[in-house]
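Chain IDs A, B and C follow the sequence of writing; residue 1 opens each chain.
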Amino acid sequence: MSLLRLDDVFVNFGGVAAVRGVTMRVEAGEIRGLIGPNGAGKTSLINAITGIVPANGGAVVFAGHDITALAPDVISGRGIGRTFQHVELFREESVLDNVLTGLYRHHVYGVLAAITGFGSARRVEDAARREAAALLDAFALASLAAAPVSDLPFGIQKRVDLARALAVRPRLLLLDEPISGMSESEADAAIATIRTLARERAITLLVVEHNMRVMMRLAERITVMHQGAIIAEGTPAEIRDNPAVVEAYLGDEDDDA
Amino acid sequence: MALMTWRIALQLALSGLSVGSIYAIVALSLAIPFKASRVLNFAQGELVTLGAYIGLVLTSYGLPYPAMVPATLVIAAAFGILIERLFIRPIVAAPEFTLVIATFAIGLIIRALIRIHWQDNVFFLPAPYAGPAVPIGPLRANPSYLVIIGSTAVLVALLVLFFQRTRLGKAMRAVAFNETAARLMGISVNRVFGSAWALSAAIGAVAGLLLAPVVGINPELGHLILKALVAAVIGGFGSLGGAVFGGLLLGLLETYAGAMFGAALKEIIPFGILIAFLLVRPQGLWGATQVRV
Amino acid sequence: MTAIRLAHAAIAAAALFALALPLFGSSYHVYLGELILINIVAAVGLNLLTGNCGQISLCHASLMAIGAYTTALLTTRAGVTYAAALPAGIVVTTLLGASLSYPARRLSGLYLALVTLGFLEVVSIAIEEFSDLTGGVRGLKLVKPELAGWPFGTNTLYYFVLVVTALAVCGGWNIQRSRYGRAFNAVRQSAIVAQALAIPPGGIKLLAFSIAAAFAGLAGGLFTAVVGFIDPTEFDISASLRQITFIVVGGLGSVVGSVVGAVVLTLLPEALRGAKEYGDVVYSAILLGALVLAPKGIVGSLASLHSRRRAAKDGLP
């Protein structure tokens, strides 16, 4: 059973078919790339998987359950996490608080316990802070724990975004343009981090990128979208030599966003 | 018996349309700056009140009615420009909370200042058309009602001309449609904003002057902004025609409900409609759709 | 002295002052103190809803009125003891506040403001309509409450209100520091990001509205004990705006800000000694000034300054 299965998914957006009949399977443990020129429908597809946008046709099945019509927060709770292309951190909050917010679902206590501040609330909060600290350590963010994220450089913000997404303890992590905006060296470091992450934590990754070079280094299998549909799927080598892919990218040369 | 019922119905329609016309005018004055600058002016009610008091002051200085009216509109427009320049422009890009609360605060300041000076006294503004009811066919029409309805029709016609034919009106429409494109076309967006607020203050003053002979001038005149808001919600905030329709519809519904079910229900009906629309169709009948979270 | 130590010292000093007030102050000072405490309770609740969760509410004063009327009617007309009437008032307002969250689920700021405005109006109309119950516009005269058969003395009432307020402030502080406070802040900033973190915006808004209403109900119930009379015009839109002024000037999203704002802005009109209208002008002018010039409020501005200084010290860009 594939971890994520998309069956003939359609997404309409403002009268345009942003996603047209996409069928794909992502297996557990994969690092799958989703690539395509701007406007290919990648973001709409991600939004349909996470439930932000309703699928107008077809089904999204995660770990054997149909999640097509579920609310986005329920889908996240089932184990699908995501990062955001433009980071979308809680700007005035600290690095630690951003990551702690991601742990909402995993360290639970009731409202009354929260108000009184005793007992279970205190214990669970401590456990949450320990897990958050561990995540910060894993991303070399520990020294910045108290810093407000708006003060931090973009590359570090991306790391915070990633740490926060991992706080949700996802089985499937959708990375939306994780390398865009990074310098060459930052990109190298990020790619290495992402690969290690996937292996150590047994997380399946679906990475959206429009930069072909980055994708080649990061993904094990790549799905190529163009104008809402899948035009190719295969290993990086197969994709690189695929004439349909080359043609889709003509005029949309390797831009380092 | 049937003639009596028809007569009552028509009589109610007359007062309903007249009340509704006031709502329509105020709803229009809300819609114009909203379309231009995306700000809903919760102080609009107080601009109506202000217009009435300006008229009062000018009249007390001996200005005859035909001169007082345009003078009031001009002064009110000046206030509109002042408010926009001083308080709204600095926060025009602020989050919605700030804009909502700021306009409320402005309204409260105006109302409190009026109260400090004139207390809660009710003043009557003598209007040349006010007088006893005039018989029209089977109906007896309060001439003030007729003037209100007629003025609203004239105002709407003038506004249509303004937006279709004048440069400023077309510029306002351009800014409402797409501010960036308008800027690129060389339209001074700041001037359009100022003009929109001036226009809406003047329209508010019209409502104030029309109300003055009917209900008297008092600091609570602005309370009707709530009804105007309901009208704007019914029509949809982006739609000027919707504002007029919403106002007239609300006036009629309110009047008939009051006659059929009593005063208490008459008060509640507008808010029942408001809540119903906000729950089911917040964009109103003709408004833009981007309202949901 | 570091900023934190300074803040702690200030809080300790304020607490001492509050405890000692009946000893050196006149009965008027004590009454004023009680009003400040009631405003603090209302402000803390509103700040959680608006400052943290980002939901505009123009009817907070109405909810306080409902709490006041419920508690008052139960004690005055139904002979219920204050100890039971106060929680009952809180329950009633909490349920109403919770129902307000339903429109909030799908409506953004402006339209939510309209719903709360509509609610405010409906409550005003209801108070007038049911005048045999509420006393209508003439107001409701109250029986002085008693606890376990003993009437409150001047000082015991003050300490009662002080203790209840302190507990409420601690409760608000705890919520804000808890997972729920973080969820409030997340929903305020981005419903989409919140959902990506498995936080349900609808449920969180429900919680925020309920908690704010509970605080309003508590403030209203305390009001009935402190003031002998409910004047419905005290709970109109300008009252809601006054409460919003407390939290904007004090600092949105900060419990300390709520306290600071409530204290400063309740004392201010006292210093001015004018009619209600002067109070309205001053409040609104301060509110407007804060919104345009210092939207972070007192506490927010201080906190920003502090963290910028810390960051500079740590050598961050």
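Everything below uses one rule, namely that a residue touches a chain if its C-beta (ideal position, glycine included) is under 8 Å from a C-beta of that chain, and two chains touch if they have at least 3 such contacts.
Here the structure is a predicted model, which is why all the values come from computation and not from measurement.
*Asks:* Taking each chain's centre as the mean of its C-alpha atoms, give the chain farthest from chain A.
*Replies:* Result for max centroid distance from chain A is chain B.
*Asks:* Taking each chain's centre as the average of its Cα atoms, which is closest to the average over all protein Cα atoms shown?
*Replies:* Per-chain C-alpha centroids compared to the overall one single out C.
*Asks:* Taking each chain's centre as the mean position of its Cα atoms, how many Å separate chain A from chain C?
*Replies:* Comparing mean C-alpha positions, chain C is 40 Å from chain A.
*Asks:* Could you work out how far the Cα centre of chain A sits from that of chain B, in whole Å?
*Replies:* 49
*Asks:* Taking each chain's centre as its mean C-alpha position, how far apart are chain B and chain C in Å?
*Replies:* Result: the chain centres lie 33 Å from each other.
*Asks:* By the touch rule stated above, which residues of chain C touch at least two different other chains?
*Replies:* Residues 201 of chain C each touch two or more of the other chains.
*Asks:* Where in chain A do residues touch two or more of the other chains?
*Replies:* Within chain A, no residue contacts more than one other chain.
*Asks:* Once bound in the complex, which stretches of chain C touch chain A?
*Replies:* 170-171, 174-175, 178-180, 182-183, 185-186, 189-190, 192-201, 207, 211, 307, 310-311, 314, 316-317
*Asks:* Tell me, which parts of chain A touch chain C in their complex?
*Replies:* That would be residues 50-52, 71-74, 76-77, 81-82, 84, 88, 90-91, 93, 97, 100-105, 107-109, 111, 114-117, 121, 125, 128, 144, 146-148, 151-153, 164-165, 167-168 of chain A.
*Asks:* Residue numbers of chain B touching chain C in their complex, please.
*Replies:* That would be residues 40, 87, 90-91, 94-98, 100-102, 104-106, 108-109, 111-113, 115-116, 226, 229-230, 233, 264, 267-268, 271, 274-275, 278-279, 282, 291-293 of chain B.
*Asks:* Write out the stretch or stretches of chain C touching chain B in their complex.
*Replies:* Residues of chain C touching chain B: 50, 54, 56, 58, 102-103, 105-111, 113-115, 117-118, 121-122, 125, 129, 191, 201, 237-238, 241, 244, 248, 275, 277-278, 280-281, 283-285, 287-288, 291-292, 295.
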